[in-house]
Amino acid sequence: ENKKIALVVKALGIGFFEAANKGAQEAAKELGDVEIIYTGPTSTTAEGQIEVINSLVAQKVDAIAISANDKDALVPALKKAMDRGIKVISWDSGVAPEGRAMHLNPSSNPLIGNMIIKLAADHLPEGGDVAVLSASATATNQNTWIEEMKKVQGNYKGINVVATVYGDDLADKSYRETQGLIQSYPNLKAIIAPTSVGIVAAAQAVEDAGKVGQINVTGLGLPSEMAGHVKAGSSKSFAIWNPIDLGYSATMIAYDLIGGAEAKPGAELKMGRMGTVKLDENNEGAMADPFVYDASNVEEFAKIF
Amino acid sequence: MLQETTTSRLKPAIALEGISKSFPGVRALSEVSLSLYPGSVTALIGENGAGKSTLVKILTGIYQPDAGVIRVDGEETHFPTAQSAAYAGVTAIHQETVLFDELSVAENIFLGHAPRNRFGLIDWKKLNGDARELLRRVGAEIDPTIRLRDLGIANKHMVAIARALSIDASVVIMDEPTAALSHKEIHELYELIDRLKADGKAILFISHKFDEIFRIADRYTVFRDGGMVGEGLIADVTQDQLVKMMVGRDVGQVFPKVDVAIGEPVLTVSGYRHPTEFEDINFELRRGEILGFYGLIGAGRSEFMQSLIGITRPSAGAVKLDGEVLVIRSPAEAIEAGIVYVPEERGRQGAIIGLPIFQNVTLPSLHRTSRSGFLKLANEFALAREYTQRLDLRAASLDQDVGTLSGGNQQKVVIAKWLATQPKVIILDEPTKGIDIGSKAAVHAFMSELAGQGLSVIMVSSEIPEITGMADRVIVMREGRIVGRFERSELSAEKLVRAAAGISEAA
Amino acid sequence: MAKILKNREILLVVAIAALLMAITLRFPGFVAPANLARVYNDTSILIILALGQMAVILTRCIDLSMAANLALCGMVAAMINAAFPGVPIPLVILAVVVLGALLGSINGLLVWKLDIPPIVVTLGTLTIYRGTIFLLSNGAWINAHQMSDAFKALPRAPLAGLPVLSWLSVLAIAAVYLLMTRTPVGRAFFAVGGNPHAAVYTGIDVGRTRFLAYCLSGALAGLSGYLWVSRYAVAYVDIAAGFELDIIAACVIGGISIAGGIGSVPGAVLGSLFLGVIKNALPVVNISPFAQLAISGTVIIIAVAVNARAEKRKGRVILKKAEAV
Amino acid sequence: MAERTLSPRVIPDRLQSRGNRLLKSWESLLLVVAVLIFTINSFASPYFLDPWNLSDATFNFTEKAMIAFAMALVIIAGEIDLSVASIIALSSTAMGLAVSFGFDTPVLIAVGLGTGLVCGMINGLLITGLGLPSIVVTIGTMSLFRGLSFIILGDKAFTGYPASFAYFGQGYVWWVFSFEFVLFALFAAIYSVLLHKTNFGRAVYAIGNNQTAALFSGVRVGRVKFILFLLTGLMAGIASICLTSRLGSTRPSIALGVELEVVTMVVLGGVSILGGSGTIPGVVLAAFIMGMVTFGFGLLNVPGIVMSIFIGVLLISVIALPILWARARRRVAH
């Protein structure tokens, strides 16, 4: 009988997660005896994900791999899933340790934190004011990366982080917040948006304000969504890990756990073509370095995800 | 007899043939025919509920008749909407003022047929000018640009009249146009009607006031219970004959007033006043007495009565019940104290349509039928059965929605509701408005019986026969003040009307 | 003076001016003409929507489905553009305006022909329209790079100093103002809401008038759908989610009575601008964006209380003190 | 005309027997729909007829239904309360605040209930005290209450609820019967009695059918309405305790959009949005139907938004069908 692995995403319809699903399907094909259930709520709420989890538990799936809308609120529901013998892992956006066997970070948080500020600094040899446009206030990962970023801020001389605003992963709100930033900080040189929704909205707002060349928008985004803005010049470069690899790896890890592997500090779990991941003391593992996209390569990747 | 031959030679401007109309449970009109002639005023007479307003609504396209035809200038026509009737040259001043409080006076007059400029847009300048002109024609000094809500009832009525005249009509219908008007305005209206007549309009005039019928009408038509019972020339009849046609018997029998021994004062009202509605109200109500309150519509009787039960607050004044001072802040407190008010607007304030009969009856008495806040249906049915039976209610079951009852039967439920609280004082505001003669008799008989048992009754009524027939004493109100007090022995219709209209004895 | 203070529109202008003044104290740049133009531009879509909602509320109805209608029309506009980039933009706009009017007419028909309460109808169509977007798009987003440049450029194209988006809202204001004050249909909106019973006596078809109000609000939502999607250069299921409440709030602040029959175009516009200024000012004056929601809630409550006081029925005047002499 | 004799005529209490009336009622229609959905679900998914799964499914509606009971009374009385979801958020935030000050479960319960009551009181005072329209007032307080949570919490979350607090949203009273489900059943009974068997309930119906006449009949309209808004506030507080306990954390966006689901549930349950009619059993059935539909679709991994389309269509059609049916019958009769 096929093993059922559920890939639960923050919300259906987001390009990044569609790409992750591609990876999961690839893994399923490779493994042969796996059926992927790709599901999620239609808007990014914890309550929506809990309803999805409940129905997955009822279907007696073998594993749940989730990118969480809320680190804490999902814990009771996922705990119940684990109590009923379901293997639970989180990926991309994590769940508190009590609610999962392990968490797969797309990259390590310090690496990402460093990467996003480096992307801004690379184009600001003399330094200058930069602002951060974060995602949903309830998202887990963004805030961790921003913390990591602030830790290494001293390494980039003259870079001055003047504000952090929240676009709630809504295009219009992100857009308006960016407008507010442009207004409030006339000397703004760069906007760092570690969210695929925010970076697009910010780039659009910068273009509309006629600030191309003056303000550089960077952060984490999808090549397909950012290609136009790189071409327009509002974004010189941005980074992202490969979501296909992420979905692929999450599926492989879940399969490994179903097969009897144990998630404990120090353990190494198999990720198929991606090799293995080693768990730290929090049962977390990191996949790889984020990859930088700019005018030279973005078109090529835009066709993939 | 000259006039008779002239009108019969003339072609009617509009003619109704065999019109019938039923509402759920009521046959409002059955096979009535009526013709209106150019240059002539026809008075339509009939008791409340005889079907007069229903006929008006059929003539103006608001209701569709179940059977019968309407002919305009001899040709059969249909009025599917109010607009189509207006196009055919029929216009009406309806009984209720159907206007828009938030719109300007001018727009109220022209809504639906406003003058337009060559782009098809409403021409406000012309609209205001035309409105001013029309208002002058009806003799009202009203600025056409102010909002309607800022007008008093009489001026609102003048606007309604101006609206009716804004349509160039050959048939003008007036449903009780003078009911809300004061002396001066009524005379202006008479002059207006004379002018319309001279212009060759056919006029239908509905009124309960015989003096004005004899003043302005040429012909009459009498309705009784939805049927036509007589027509002819005004010059050929007397008032008594008309009344007899209307009612179908001698009037005296309808009010079975029993003389009872009147006891000590129960309710004393002194110095009651309100900033805008009434002032200086002082009177006593005694045990077993029926005290009548007479006045024209808008005299402020209802407002005063409602202040007695705490709907509005008086600014000064005191009420004593059985010698003790009472402060009443809500109807609930009034009911607890033993003063109840049967309101005049049955549909809005009286009946709770949507609830069954028995729940309507027991609503103010629930504390008596229930046990520690929990309903006891058996008690409720018993109480409702007792009171509805005594008022001779006709209904299929006590569990029936009051909305499915005829108006008269709804009124009985409403009266039963407040009687069931076993009050000391009951205030009845227009208690027999819109109910048939038989039911009227039942209500009046019950009123007499209760008075005999020591209940004190205040009866607000605009019907002179009812007042003169039932009251031991009458107080007349006009513009928020008491303007006359009459003992039963000195009552006469004329005195009441004079006092209510503010005409001095000498005039 | 007292009369002026009673006038809702003037009261609102004063309130907005006071608000701007207060902001200027902390951030002088906010009242620079260029920035005010930006704020107006940002509020344009809300204004257009509030105009449609106003027509519906005037007739004693409500349209909770406006934002969903907007989202559906926006998605359709984006999908047309993504699939056939060659289709001229005016044609796309026309298509979604018609589609919006059609969706509005579904509301109108249910209210007119079946007599279902407006709040239930639009509560139902709100979820249905949103769901339809998901069915159409399969949940996928349509992003900037999938839209043609012309599609994205139109609302931001400058014209005599202001973006086309602003001009479109000015046009909508003028058109609706003309409709409301100078045409029989517009006046019928007021009559039907003010006194439906009397409207029948006046020969106005109450149901049909409500139907037309819904068509208008639908058409304006359709137009806003294109504007929203092209302005933010993204279309997905959840755009403008919850925006229906902002629209109603703008109307309420603008003095449009939820009981129908009372309201004005300037009121709706000023109500929208009031909200727009607050929304735009918060990030600038450094009030936490988290306070924004609480502030707009408080504003709504104050506005409705103020309006209710103005409308409060004074008791009837029966006593004729002057004439009694 | 002969004088009419006042012969007492006995009017029967009822014409239709209770059973007969029940058969034709809205509730029986809902019951049929519920049974139908249950049957379809059990054929569509092999996992549906499992006691534990069914028990999990009840969490989809219990919290909303508890609010829906109080909301039903408010709507029957001709008003509406759109702020309930925001009251959940504010209550939850207040409890989170209490946790951060180190208070234990009993205090949390008191704080949760108290916040709900205070919010209800604010609504009630604005609506009955100042006489403002409830739909606008509660749109305002909806923003205000959730806005306060945002001000308190910002982008943070309250976690660390005591272990004993978990019982309310995650505990089981007996076998598969969760605490929430038992509470739901209890409130269904309490509200049925309150609405259908007490003087208070009768006053609610009277106000909804004709507020002015109810006032004239001695119903204390203002007081009754005030109590109704207190009750929705209180029920939102209770729902907040359950939801917070179930999630084990508080964020200001908690329970977003729940007010529309609650209203939908009430209207689907046969309560007239114009006021004056409706029953609690109807709302209970509507809660089950909505829960079953959501869970059934969930088992088939149908996206949530497709379920909401279904609910939307269901909402309009259950109201439109009887109207169309009556119309068709009248046409045949003619």
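For the reader, a short list of remarks on this structure follows.
As written, the chain order gives the labels A, B, C and D, with residue 1 at the start of each chain.
In this section, a residue touches a chain if its C-beta (ideal position, glycine included) is under 8 Å from a C-beta of that chain, and two chains touch if they have at least 3 such contacts.
Worth saying up front: this structure is predicted, and the values here are computed from it rather than measured.
Chains that touch both chain B and chain D are the following: C.
Distance between Cα centroids is largest for the pairing of chain D with B. Our note on geometry: chain B versus chain C, Cα centroid distance of 43 Å, whole angstroms. Chain D has its Cα centroid 38 Å from the Cα centroid of chain A.
In terms of their C-alpha centroids, the spacing between chain C and chain D amounts to 30 Å. Chain centres here are Cα means. That of chain A falls 74 Å from that of chain B. Residue positions of chain A touching 2 or more other chains, listed in rising order: 12, 42, 166. Taken residue by residue, chain C touches two or more other chains at 134, 139, 237, whereas all remaining positions touch fewer. Counting partner chains per residue, chain B has no residue touching two or more of them.
Pairwise, the chains that touch each other are A-C, A-D, B-C, B-D, C-D. In the complex of the two chains, the chain C residues touching chain B come out as 178, 181-184, 187, 190-191, 194-195, 197-198, 200-205, 261-262, 314-320, 324. Looking at the complex, you find that chain B touches chain D at residues 248-249, 253, 309, 311, 330-332, 334-336, 341, 343, 348-355, 358-359, 363-364, 366-367, 370, 373-375, 381, 385, 388-390, 392-400, 417, 421, 437-438, 441-442, 445.
Residues 27, 29-30, 35, 38, 42, 134, 137-141, 143-145, 156, 228, 232-234, 236-241, 279-280, 282-284, 286, 289 of chain C touch chain A in their complex.
The residues of chain C lying in touch with chain D in their complex are 62, 110, 114-117, 119-121, 123-128, 130-132, 134-135, 139, 237, 242, 245, 248-249, 252, 258-259, 288, 290-298, 300-301, 304-305, 308. By the touch rule above, chain A contacts chain D in their complex via residues 12, 37, 39, 41-42, 45-48, 50-52, 54-55, 57-60, 70-73, 75-76, 80, 96, 134, 137-138, 143, 166.
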